[in-house]
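Working notes, beginning with the structure itself.
Labels A, B, C and D are assigned to the chains in the order they are written; within every chain, residues are numbered from 1.
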Amino acid sequence: MTDLGDVRGDFPLLGRTFEGRPLVYLDSAATTQKPHRVIETIDRYYRELNANVHRGAYRLSAAATDAYEEARAKVARFIGAGSPEEVVFTRGATTALNHVAYGWGLHRLGSGDRILLTVMEHHSNIVPWQMVARLTGAELVYLDVDDEYRVDLSNLDELLDERVKIVSVSGMSNVTGALGPVAELAEAVADTEAVLVVDGAQLVPHAPVDVAALGADFLAFSGHKMLGPTGIGVLWGRPERLADLEPTEGGGEMIVDVTLTDAKWAPVPHRFEAGTPPIAQAIGLGAAVDYLEDLGMDAVRAHEEAITAYALDRLSEIPDLTVYGPRDVATRGGAVSFELGDIHAHDLATILDEHGVAVRAGHHCAKPLMRRLGAVATTRASFYVYNVAEDVDRLVEALWKAREVFGLD
Amino acid sequence: MADLDELYREIILDHYRNPRRRGTLHGPHVHAEGVNPSCGDEFALDLRIEDGVVTDVAIQGQGCSISQASGSMMAEAILGKEVPAVEDLMAKFRLMMGIDEGDSPIDPNRPGSVLGDLEALQGVRRFPVRIKCADLPWTTLADALAKAEAGT
Amino acid sequence: MTDLGDVRGDFPLLGRTFEGRPLVYLDSAATTQKPHRVIETIDRYYRELNANVHRGAYRLSAAATDAYEEARAKVARFIGAGSPEEVVFTRGATTALNHVAYGWGLHRLGSGDRILLTVMEHHSNIVPWQMVARLTGAELVYLDVDDEYRVDLSNLDELLDERVKIVSVSGMSNVTGALGPVAELAEAVADTEAVLVVDGAQLVPHAPVDVAALGADFLAFSGHKMLGPTGIGVLWGRPERLADLEPTEGGGEMIVDVTLTDAKWAPVPHRFEAGTPPIAQAIGLGAAVDYLEDLGMDAVRAHEEAITAYALDRLSEIPDLTVYGPRDVATRGGAVSFELGDIHAHDLATILDEHGVAVRAGHHCAKPLMRRLGAVATTRASFYVYNVAEDVDRLVEALWKAREVFGLD
Amino acid sequence: MADLDELYREIILDHYRNPRRRGTLHGPHVHAEGVNPSCGDEFALDLRIEDGVVTDVAIQGQGCSISQASGSMMAEAILGKEVPAVEDLMAKFRLMMGIDEGDSPIDPNRPGSVLGDLEALQGVRRFPVRIKCADLPWTTLADALAKAEAGT
């Protein structure tokens, strides 16, 4: 099934057992497990290197600064950025999206302007825009999804008029797994004044991403969904866009001068990193990037297509099971949402959990999409580099047990 | 998986699939709504209290079998009871579920004698993440009772 | 000198040597070193407990959520908060201050309104207010410092008129070490409409703080300055103030419902924690709080007074050395800024570093204060629980060497 | 602490304490300013170029001994030089400091023969955090030269 080799041993948590059975972790779309290399990098940082960055005039602080900036360079290389200065470290994808919403939208949008989203967005790519729309008088418009769970572009020409100043789309849905129409939107937006923001929270961990080819102006993603620590995320921006982005947080480190009445911003990217940054977390993310690069993102993607195909196949054996998402694995990632008969997602998750299978249940922070799909809550299994065919088998076995418990025949 | 069988007893699935007293009330009543933000379960109820007695109740909502069955059983259990008896029931339920600290009021020798069908929810105690599901209708009920009292 | 016992062994980094000499770490006002307990708590989190919080319907996620919320409860207890709901986890003190500036100021201030600060503030307690003032038309006014480096309250009555809607003050200066006049301002503000914000980045780590007695409406501080990890901070607020604070970041987890056009906020404090929070970092901060409580904050403060007194005493032996800060240790913390003759702070820091003594040099993110003091850059030694008299002796020894290098006689 | 003595040579402290060519220019000149955000060091210079020759230079600024001495030595070194010679000096300086990759141009057998007093800054190489201090005047100079060129 996989070209990745046996990587499970690299992930200490996957060695945990629940009541004698090894954990089957199928919630990587929420957060991934961490390899030894990442955990140890963080550990070593605190034991050997810990100091504040960009501040000290002593070697320890210089070494911490180098490590922090090296992590930025690693991330830049990982996504094909032209230079490390295009990479801003944030608390997570959500914060990165808010940076754009406030730093771009608040200062540029006005009444009559529009922000174009899709109904498949995560709350983190909806709510910040709603907040900024409310503050500026701008309006939100949405692209729909079609019966194949793909973003429906049939009325794009109509929606993408000169009022649209920002287009923001997910690179990959955390609910249906569907890839977002980034290339198509990039092409369409190129003829307009609008900037294209890509929510890469699911895309960047799961597929090779090259910002030079992506066509986006901004890209947001989270470390914890790609084997890195919590508390760190990235906002990438085209240099000319970052230069025009207003900082949304003020504080130390993001200025070159402060007087009682005024402040002069530091150069990009420091301008967007007010206060002491998440130092250990950035360095930990650097280690995660190293790990993923060693696996190779093409191999990561190939493994994901293979295990997703296997999962879709095996799930189709189960009566009354409805998958919400594209069938063609070339057009999707490894987040697989489904319903089983009249078993509520939460009941299903509990039953699976009793069988040592960890899945997520609920609205997956995508309530508008759930409403659009006509589902209140779904159960979601999501896969990553450490999942193997046996995990799928255990899931399927537990789903049959759930049918029994609920007396479905 | 004995715990699972304890959790999903026949009677719970029955209330889940055939909720009692589902609907809305007309005429004078109070209405309260509850939501469990972490899972999205929703529960709402219409409550008519006349001369200190629950004379009618109707429930709405959607969610897991535990929250919906709990609500359905609750609706049946409170109908016709005086408010202090409803409050007593609520207190006993919270003790049974381990939400409030104290000895469970349930008599192990006489199943069903204290809380009726609701005793079937005891199995939820072994699933701490699900206790709030069972509790949702009851916090909504408390809200409705408070509204009713404030209204008089 | 100290009631703390020998805690140095608890801090792995302090065992590092530079060219054969143990490190003398005197930059704790920038960031502190971490005890084993904190490092191991983080390590264990990733190995045994890692899952997203508030989301999963499986035991691992429930356990992670419990640990995260338990950390909140620990922090609440540590600062005397009435309940854990008064504690918001942020990325750091800077983010916490921005939450108040934007979440309170942006929605409430207008032209003609005033924000009262002091000239001794850190950039993180100036720049956010400047940004919000610019967006709202409000104006900043400042309390000065006196010759003893204390905030000058002589014209407080005059400045604190009905136009002042927000007062924000540092609990302890990171440059001079001076305690801020929190009690006095709390009393003065009580008769007005203004809210009192306390920048506790230096105060909370170094002295017992009881928010029930503090008189503030909001309190901000950082984990990394109190033995905790980077990437985590706290905003405490009075319940009635938090209820009126607008969230400044939108995203997952901070809502109860989202439609295409609208969102309904989750209850406090989740409303202010958009997206996946810094889970491991919050739990690490909980371990830091445990460690500090075991030491006892009264003992921490007593140790700091003792070592600061010793340092001020020994520094007074050195000719041409000027200390910028109060002499009376009862009115100050352990951040000691100084200049030595015409040796620039950076040169001094380099020379000290060669002697294994890590200090900070520069403007300490407090340029307005530096200008007020007539200094461009100072050297700062700052002390914490692990510093001992010998660290001060090594500092003094190295300062004599610096005099030699620069040919001061 | 031999490294420290190498860093703070007599001549560096002399330029720090008695900076040469400090002041401002009147008449036609270009002006450029540089700041080192991480430490706050500031450097600025006024540069007069006539017929491709640096005919006058004046410096301003404040900061550590390394940045200020580097600026003072630089000012002396470029005065009277033709622009290409200034650029050559700049390139050699950057090689000596290890800022640009390549062999150092300094002749170890004839100290002072290539860059004059500026060679005293070699000791900074052992202190990587301080290299940007030594470099600040030179990046400012590059800025000034660019302005001068754009102006013609």
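One rule holds in what follows: a contact is a pair of C-beta atoms (placed from the backbone, for glycine too) under 8 Å apart; a residue touches a chain by one contact, two chains touch by 3 or more.
From a predicted model like this one, the values you see are computed outputs, not experimental measurements.
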Touching both chain C and chain D (chains): A
Chain pair with the higher count of C-beta pairs in contact (B-C, A-B): A-B
Between chain B and chain A, distance of the C-alpha-averaged centres to the nearest whole Å: 39
Chain A and chain D, separation of their C-alpha mean positions in angstrom: 47
Inter-chain centre distance, chain B versus chain D - centres from mean C-alpha coordinates, in Å: 80
Residue numbers of chain C (touch at least two other chains): 55, 57-59, 257, 345-346, 350, 361-362
Per-residue multi-chain contacts in chain D, two or more chains: 38-39, 129
Chain A residues within the chain C interface of the complex: 12-13, 16, 18, 23, 25, 27, 30-31, 33-34, 38-39, 42-43, 46-52, 55-61, 91-95, 97-98, 101, 119, 122-124, 126-131, 140, 142, 222, 224, 229-232, 247-255, 257-263, 274-281, 345-346, 349-350, 352-353, 357-362, 365, 367-368, 371
Complex interface listing, chain A residues touching chain D: 54-55, 57-59, 62, 256-257, 266-267, 270
Contact set on chain B toward chain C in their complex: 35, 37-39, 128-129
Interfacial residue positions of chain D with respect to chain C in the complex: 1, 3-5, 7-8, 13, 16-17, 38-41, 62-66, 127, 129-130, 133
In the complex with chain D, residue positions of chain C that touch it: 342-347, 350-351, 354-355, 361-363, 376-377, 401, 405-407
